[in-house]
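Heads up, the next two complexes both have subunit A, just with different partners, subunit B and then subunit C.
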Partner chain A sequence: MILEHTKKRVAAVLESVEGLKQSEFPYSHSRIAAELIETKFKKLQTIIEKVSPGTSSSLVLNTCRTAFEQLFTYVPFLGFILRSTNVRNAFEVYPPLLRLAKSILGTDMKLVVSSEWDYSPYVYPLIQDLPGFVLIGLPAPESANPLLLPLAGHELGHSVWVSQPFSVDYERQIHDLVLQEITEKRWNEYKDLYPGFTKEHYLNNDIVARPIWLTAYTWALLQTEEIFCDFFGIRLFSESYLHAFEYLLSPGFAGIRSVRYPNIARRVSYFTKAAEEMEAVVPENFTESFIAENEPQEPMTNLLVSTADAVSGTLITKLIELIQEFAKRKNILLKDVNKVAEVREGLNKVIPTAKAYSLTDILNAGWECYLDPHLWENVSQIKKEDRDRVLKDLILKSLEVSEAYERLRAAYDY
Partner chain B sequence: MIIKAEDIATELSDPRNPDDPLVITPMLNLDELKNSGAASVDIRLGCWFLTCRQSRTNVIDVYKKGATIPNESKLTKSYYVPFGEGFVLHPKTFVLGVTLEWIRLPADKAAYVVGRSSWGRHGLIIATATGVHPGFTGCLTLELSNIGEIPITVKPGTTICQLFIHQVQPGDPKKIDHSTFIGRRKPILGTIELDDVAQRLAEEII
Partner chain C sequence: MACVEKDIVGNKALRVLDPDLPLLATEAAIDIDNMLSNRSKDVTAIHKLAELLKNSVKVNSAGPPHSLMDPATLTILTEAVAHAAGGKNEMEELLSEAVKIGTSLSSEDPMKNPKELKRAMEFCIALAAAVAAYRKSIRDLRPMHPFRK
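Entry: the complex of A and B
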């Protein structure tokens, strides 16, 4: 029965993919991703079909288990791809975001932007059978809001982190820094909690001691990646990243902080430091927008998370330098204040851009307008209750107009 | 007075009143407009379309007492067609499209949207001299209908209609277009609102 169930489950997935392929794909990368998943399941189906009555039960079980795992891995991607075709998405953001992503990750990369029923934006940076694909999900209720697009910068940061060799260097550094932090600065605290160990045990080769501090290592690594991604978002989108972050995530949860990120107070202080280095202006009262989070009370967890915090905190300057160097190498332009002012001037008159501007310049101008309490006060055509909708439409139209000029730049020498 | 293309091009590149400009963006080939010798501006098809959901609406009856017109999302279905892709308009079908251009008319200008005869001769009718009032800003909703016998593919970016711009006497700047169609990038169905006269005339005589 297991084999029969498996055959039917795989056939059902293939049937779903066939239906999905008939969707109206706004961009080819979603369709290509669906086709790749289809190819994968067709191969799987061929393997399953080859299982004969004489096949050993362990091989049958193993084949079915593999199929089972693939179902759990890839079915969510099919849902993601399907939602990328939904017209609630602001499809105008796709071409400029793809251009930016290609300039960062290489021209072979493929991008799927979708709206997810998950309030936190997220990314699938590397998927085994979707090589070169980056899947970015933005929260469905805000998927037509271009002002939140800078948060995709954080998600692109994850793709950079996992694809670049420097992340391996950081793994080594963090490993050593965690050991150093525990043995040199927190030894007494650690010894009180684990009196059976001596410092020598922490030098990498004690199978009992290692898993304990490796937790701090894992958390420090995760935090470092998240900090990198925050800084990457700031470097790509300047203060519009900070505004988008504040919009979506303030005031935050009141409760125990996540170990994956620095606590919000630290995270915000890191933003400030990176913003200073990256010519971004930190929004007024930015820090006050977030509720302080509680540290874990349990002593061992507290020690490990504070160790991770300390280690990730020591890497801030290096991470900023790393991103600056990477951005320079990839020729990623900073926000241009003059161009932001030009776009802003148009938006003030309720008109989109009249030539090509960068995604960053348009989004920063958009945020300036959004935050201006006097925007369109004297434009009687725009009712107060329509202000946000019109602004979003203007920003999206600006992206589309820019894209049209970009496409024709070579032919018409704009 | 209809403004000729050359003067429109001049106004677009160097507006006489920068605080209240005539804007048509993107204007992807200004030189062509300047040298066209026409009395109108060609306008391109945008990427968004709206069709009616026939299966969910039995009738649109604005006269029925207490009737409420279903909201736009119940009546219509949106489509996005990126540059390079096409939208097939079958015979006897009707769809709302939108201009690629965002158009802003100053207080002293009005406009009419007129279909292009080249499309019309193939059966594609685009609006029926839709008026655009001073103060309008946004993309224009287009009514596309294939009255011919053969399906027609239309692609975003195609010049599909033309805008005749007229000079008007500027009036009170507060009395300019305040329609619900203002400031939009997508086509909109809008609502049909009966004025007081029509409502009274529709009442039964007792």
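Entry: the complex of A and C
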């Protein structure tokens, strides 16, 4: 019966994809993503069809479990793709964001911009599941807010991390640092909590000791990737990334911190360090905008996560250098204060840009206006309650105008 | 056939987060089962998995084999090998077993040694299970909405 259920569940997904493909896609990458998932489920269907009545029950169970895992992995992607067609999204942001992403990840990359009914910037920890795709989503109520576009920098960071060979070097470094932390710096704590193991068990690859340090290793690796992505966001979008982060995620929840990120106090202190190195200005009272999180009380989890924290913390300077070098190699421009001022001058006069500016310059100018309490005080036609809406529209229009100029520049090469 | 498979897999090694790995391990297990029961002789998935294994463990004629995998993948692989090899828990032994399984899977005529092939099937099942469990553990680290249970 379980096999029949599995077959029907997979068929139902394929039917949903078929329906999804009939949607009116604003750009082709959403459709391509849907087709890729369709291919995966057709393959899964073929594999399931190979199971015969004589197949052992353990093998049937294994096949059904694999199918089950695939459903959990890919069905949320389908929802994400469907929502990318919704007019609540600001389609104006897509072309400049795609242009930026291609300049970083190569012209073959695919981008899907969508929204999520979950109040956090969308994070796909298993971005490897759709190779070559970058998926960027914001909470649905904010999905048309261009001021939050800098958070896309974090998501682009994930794609850079998984696609670049340096992530493999970091895996090795983290492996060594975790073992060093356990056997040298924190040995007494580990000895007390795991009394059956000697240092040699950890250092000599004992398979019973591996699950202990592998947990700390995995968390340290995930934390390092998240820190990299935050720094990448700052490097791409300067302080507008910090403003967007504060807007969407402050003050955070009180309670136990997530193990896959540094705790918020550390994360914010890392932001500050990276911002200093990347010519970004940290917003006033930025640190105070976030509520401190609690560490896990359970002693083993506490020890393992503090090991991961220590390891990821030692890599901060290297990560900043890595991103600076990567950005230089990819010709990613820093925010240009003069151009930000030019865009801002136009916005102050309720005029969108009239020539090509980088996404970073437009968004930083937008944030400066948003944070200016005196913006349009003397413009009687704009009521105070309409200010944000008008500003967002102007930013979106500026993005469109800039994109038009970029295309003309490409066409006429001027 | 072997050449075609080489083109597909190339020099790709085992990676626990490789999205194709759970399906490949599952398909290889089914294909072995079908082969053992004389239901089919499809070796495509079996050979692809063998190639991944071959690219993941370096064999030294002078010394024990050693891993070319990241720590998480190595742990998953050795767990799967331990399941199929029963009773072994030294890393070197397990990697040697992985090489044997890889050799068995890459044979042009895997049915020459049905006992080894059955063991390789157990390995494939255990690998698919371990990969799924690891992927779930990573997915579960995503912060959940505070009111979602």
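Just so we're on the same page, the second predicted complex is superposed on the first by the 339 of 414 C-alpha atoms of A that agree within 3 Å, B and C clash if a C-alpha of one lies under 4 Å from a C-alpha of the other, contacts with A are read in each partner's own complex, and residues count from 1 in each chain.
Methods note: a contact is a pair of C-beta atoms (placed from the backbone, for glycine too) under 8 Å apart; a residue touches a chain by one contact, two chains touch by 3 or more.
Please read these numbers as outputs of a predicted model, since none were measured by experiment.
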> What is the contact status of A:D169 with respect to subunit B (first) and subunit C (second): first, second, both, or neither?
Replying inline: neither
- Tell me which partner A:E377 touches in the superposition: subunit B (first), subunit C (second), both or neither. neither
According to the stated criteria, A:D388 is in contact with first (subunit B), second (subunit C), both, or neither; which is it?
neither
Of subunit B and subunit C, the partner touching more residues of subunit A is C
Please work out whether A:A404 is in contact with subunit B alone, subunit C alone, both, or neither, and reply first, second, both or neither.
first
Check: First (subunit B), second (subunit C), both or neither: which does A:E325 touch?
Finding: neither
In their shared complex, subunit C is touched by residues of subunit A numbered 40, 43-44, 47, 50-52, 54-56, 58-59, 62-63, 65-66, 69-70, 72-73, 118-120, 123, 125-126, 128-131, 168, 171, 175, 204-208, 210-211, 214, 217-219, 222, 253, 255, 258-261
The subunit C residues in contact with subunit A across the complex are 15, 17-19, 22-23, 25-27, 29-31, 33-34, 37, 39-40, 70-72, 75, 78-79, 82, 89-91, 94, 121, 125, 128-129, 132, 135-139, 141-143, 145-146
Note: in the complex, subunit B contacts subunit A through residues 19, 21, 23, 25-29, 47, 78-80, 82-83, 100, 102, 104, 135-139, 157, 173-174, 176-178, 182-186
The subunit A residues in contact with subunit B across the complex are 24, 26-27, 87, 91-92, 349-354, 380-382, 386, 389-390, 393-394, 396-397, 400-401, 403-405, 407-408, 412
